[in-house]
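Naming follows writing order (A, B, C and D), and every chain is counted from residue 1.
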Amino acid sequence: MDEMAAVELLSTHGLTRQYGGLIAVNEVDFKLYPDRIHAIIGPNGAGKTTLVSLICGRTAPSSGRISFKGNDITGLSSAKRVQAGIVYTFQVTSVFSNLSCYENVALSVQRNLRAQQKGTSLLGKWNMVSEADIEQAVSKYLLEVGLEGVEAQIAGTLPYGHQKLLEVAMSLAAGPKLLILDEPTQGLAEAEIENLTQLIQEISKSVNVLLIEHNMEVVFNLADHVTVMDNGSILAEGTPTEIENNHAVQASYLGN
Amino acid sequence: MVKKDLEKVDQASELNLSRRNVLGAGALVAGAGIIGSQMIDPIAGIAHAAGSDAPIKIGFQAHRTGIGALYGRWYERTTNAAVKHINSIGGIAGRPVEIITEDDGTDPKRGADVVEKLATQHKVDFVFGTLFSHVVMGSAPRAGELKIPYFVVSEGYHVASGALNRYVFQPCITDVRAQISAVSGWMFNNLGKNVTIIYPDYAFGYNHRDYASAAAEKHGGKIVAKIAIPPTESSYTRYFVKIPKNTDVIYHVMVGPGVLTFVRELGEHFGPNHPQLFGFIDSLEGVNISSPGLDFLDGSHFWEAMPRYASAADSAGSRFYRNAVGVDNSGASKSDSKDVAAYSHMFGCWETLFAIKEAVEQSGYKSKKDYATLIETMEGFTGFNEGIAHPQGSKAFSGKTHQCYGQQFVSKVGNGKLNVVHKTSIADGMYEPETDYTKQSL
Amino acid sequence: MRKKSLIYSLLFQGGILLLLFILQFILPTYHHSSVSKIMVLASYAVAYNFLLGYTGLMSLGHAMFFAAGMYAAGLGIYYLELSALGALLFGAAFTLVISLLFGLFALRTSGVSFLIVTLMFGQTFYLSILYFNEFTFGQDGFSLAKHLGKLVIFNKEYLYSNPDVRYNFALILLTAYLLISTLIMFSPVGRILIAIRENESRTQLLGYNVYYYKLFALVLSGTFSGIAGAMHALLFTYVGTTFAEIHHSISPILWTLLGGAGTVIGPLFGTGIMYYLVDIISGITSNYQLVVGAVLILMIIWFPMGIMGTLRQKWMKWLP
Amino acid sequence: MSSWINENGPLLFLALLDGTVTAFVLALIALGLSLVFGVMRIVNIAHGEFFMLGAVFSWFAFDLTDDPLWGFLLALVLAPALVGGIAVFSDRFILRKIKYHPESTIVATIGLLYVIQSLTLIVFGPEARAVEAPLYFRIQFPWFGYSGYKLIVAGMSALGLLGVWLLMIRSKLGLYMRATQQDLEIAKTYGVPTKKIYAAVFALGGGLAALAGVLVVPIRQADHLMGLEPLLLSFIVVIIGGLGSIRGTIVAAFIIGISDGIISVFYEPTLAKMLATLFVAMVLVLKPSGLYGEEVA
């Protein structure tokens, strides 16, 4: 058990979230292992988004525990979890639409840079990271998601697809250990999906990715491991192929 | 001025003596004479401004808005009436008077700005007319810094207490300490010894609390309870239960919109058999004695600085004044009987303007450079005589405290009006000066 | 590109401050002293804007901080016979404590609740000044003229209320405030504060503990307001409850919005314009509050970004 | 103990009596504020001025008819209507224009407060004007007397509260209002004319304040500055009761009214006000949802 725990990157134990009468997430024991793309699928209202909200600390659990890299993070604030490396990318993009793309990414970059030099000096604590370093890092991440040269542009004026990419850039800039992508392809055109899929593939080489996705094609292209949720609890788990052949899943969800 | 001319003459004569040119000398002397007579100062052009016809500008700091607005309106009317009269009798030192009015919103911070504006922008000779004591407190320092004479009509004790500075005078309205000392003696001796005092919970009220207590000791009376009421209060019933049973007299002074309620609720609380009431008219300035709910006041007594209701006893000056400010025999505006005057305060504006007139004329004040002489002259005053200039009555004036002391009245409410039953002497209100402004530098 | 705009804005502000410096030699007496008062009040507005404009927190109780600084300094001079500098520091220290305590409580709320909490704390502070009138001189307030020492420059003595002393002290205060806020706004901290204004929860999810940054902004804003209050007491020698009243909390909102919330220099313009508007109006009609009210309404409808805000949007993109 | 009763019994009785009257009036004013917040999610700083206008209008009515009863009845109908009209106007031409954005609304209503106040000063003048009570009698208790009209005020306020309650649960308007309060978007989709509802609610809120003004003016006269005090008090009430909750508002009105009565009878009135405001701040901080009602933010 302990060895198991050791290799798990993230695990939840009896995690539950109730809204009044409705139980959004019910006694979920979810395990996520490093070095693979893990996808969560399930019908609307299955509790996928609630689960990840609990994981990244946007909502507090009614009961249950969450541990990350072997230590309990149930009590940590969302900010602390980001600092620990759990970074969440919004389903509906929520970039700072009045600020320039540069500022958007810089915000994320500077915290990460500071974190790296933290304690090195008093200045470090007073987050005196040089603007030069920030600029350099910003353009690196923008390049990584294929948005080079948009620095000066106001984020709100970017096309939707690009805002999604900017969102990803911000998340990467935060230096994630575990990157949670909530419905990344939602509202994107075919070409964009294609492009994003590649990007995720690319990212997954250096970062663990937890993917919440409706688009089965994307899921089966990307995911090494799939968790199926229904009415707030886990219905099935396994490789994409196992899931495809799982009757319960077909019955409840894949439906065809 | 005259002195200067003589000097010129001397210089001139020396000059011509050295030249031994008598004719030229004559011409020069004559010239000097003419120049002198035209009062042109060849060295600095200051005297131009003070030319015989240039008006004397008096800045009026008025409470047109804010809590002081009711008083402010009557202060303004009185001021204008006074100026009209002064100009009709040849102005001040032969110069017409011009009033420049600025609203201070009854707000100390605006007050200081207004003094500043009047002094430095409108370049007035004097500033006058402030009523509310917190505005005086806020404005007086500015007047002191700008070194401009500042005549207040506030009845506050702040001037005589020495809290202000040498440029501030209160020449024509008796301060609250003197008022209290003057009338409370009568109260203790005629209405009863055990007094409960009800007063507003700020400086003005504290003066009443403290000096009434002092007077109690003096006249063998006793303050059995002191009840402070916050200025924002709008219901008073709950305070009345604190009035001790053994109270002979309720000494009440209220300011602000609450007063009618105060009286009505007092009536509701006590009903027919109640202690004697002795009030300060400040409570009912601008309020008709026969307003709904005030019938309870029938038979109670009030301090008045100047009787609101005309009577045969009124002096000629008092009659003239009443008519000039447009107030009828029952103390309301001639044009609108609903519009009742602040009669026990506003006379201060009228009289202060005449006091200024007197000071200017006696000191030979011509322009701002003569402030020192003007102030010293006024500090030399010992009092003012009853008359058109001082309709409220004769006054003693203390140059040390910059404060005047006048007679006070006690009036009894009867058949819907106030009837004077007692008139104090000036001495009744006098107290030992606690400060000496003349020691301050100018 | 940030560097460029930093230089631009420093130059721009420097220019305005230089102009203000020169003005003192030209201005007629009345305007000379009006401008010094405007500069002190504008410093208060700059401090206020730090919270409203850059952190997006609207306070209805800032008069509390201004008055706290003013009374600490004033009473310090009156009772403890502090020197002017001592009083200034005392005022600063006192408001620092007050705003820290206040922040620890009030920042647990946000939006409308925060607004009302500030209103209530402000009102409590005002009432307590009245309540302890024996000590604070209640509604009348008090004058420092007689208690305040003299300022000695090159062994020459000046009164603090001396027009030139007043003007230049006010100018120094304003300069310091503008400089500090500009530098902060261009520092990483400033970036985070703006992010909080734009989208608090998103900022939290970028790994920032929003609470601490809000507390920082509040304490800074409060303390600076307090110093402005203390300075006002020194230069204008009157301390009174009128500076603790709710109207004095509303004024900086008006000034900031008019000048442009979230622009460093905006509050200066807002304060100047409003001051002279009231000054002129009160000469014409007795009812300047009517105008103030109208301006508030029209501005919030037609002109929500204020003067500098609009300018920035149109031309001066680099404006902090 | 019994000696304490003899000594302070009357005080306590009066505190309760006075407190109850205050509470009823306060509830009426605060309810208006609460409804507006509940449905429109805005704080109306000018609410106190609506109360003031009610009082001022009823003075004009009294002056016009020169008869306490008729004047009172006229004002009872007219004042709330007029104030409601003003409210609708300001909703249409100010609040709607700024899309009811919470902070902007506060600034705008502060402006409205100044405008209403100064206009009243111009038209009505600076003095406090008394209005005769429609019917007036004095009740003599063993220890002291009390105004009968005050009890009538309490009664009529109670009727007013009842009326609003019926409106909320019985009428279509009430249904719409509750729907809008629950969820604006859903209400829209179900075809609730939210624009109209907003206007109606703002008018109702103002009307209630004005009604309170009419009732109160005979026991405390009308002046142009009388608005601030009730504004702060009803803030206190609405917050403690929980912003937007009617039940909470009424309960809180009684807590505040009576506790204020007691504290200021037995202790310092200024102290009472200090504690009240501080208490509110603390309630908001420690229990943001108030006694009833939902979270604000």
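Some notes on this structure:
The rule is simple: contacts are C-beta pairs under 8 Å (C-beta built on N, C-alpha and C of every residue); 3 or more make two chains touch, one makes a residue touch a chain.
These figures come from a predicted structure and were not determined experimentally.
Setting chain C aside while every other chain stays in place, the touching chains sort into these groups: A | B, D. Taking the mean of all protein C-alpha atoms as the reference point, the chain centroid lying nearest to it belongs to C.
For the interfaces B-C and A-C, the C-beta contact count is higher for B-C.
With centres set at the average Cα position, the gap from chain A to chain B is 77 Å. Chain centres here are Cα means. That of chain B falls 37 Å from that of chain C.
As a whole-number value, the distance joining the C-alpha centres of chain A and chain D reads 50 Å. Centroid to centroid, with C-alpha atoms defining each point, chain A and chain C lie 43 Å apart.
Contact with two or more other chains is made by residues 118, 121, 268, 270, 273 of chain D. Residues of chain B in contact with two or more other chains: 65, 201, 230.
Counting partners per residue, chain A has no residue that reaches two or more other chains. Annotation, chain-chain contacts: A-C, B-C, B-D, C-D (touch as defined at the top). Residues of chain C that touch chain A in their complex: 1-3, 187-189, 191-192, 194-195, 198-199, 201-210. For chain D in complex with chain B, the touching residues are 10-11, 14-15, 18, 22, 68, 118, 121, 125-128, 130-133, 138, 140, 143-147, 219-221, 223, 225-226, 229, 261, 264-265, 268-270, 273. By the touch rule above, chain C contacts chain D in their complex via residues 58, 60, 105-106, 108-113, 115-117, 119-121, 123-124, 127-128, 130-131, 246, 250, 253, 257, 287, 289-290, 292-297, 300-301, 304. Residue ranges of chain C in contact with chain B, taken from their complex: 28-31, 33-34, 37, 130, 133, 137-146, 159, 161, 236-238, 240-243, 279, 282-283, 286-289. By the touch criterion stated above, chain D contacts chain C in their complex at residues 43, 94, 97-98, 102-104, 106-108, 110-115, 117-119, 121-122, 228, 232, 235-236, 239, 243, 268, 270-271, 273-274, 277-278, 280-282, 284-286, 288, 296-297.
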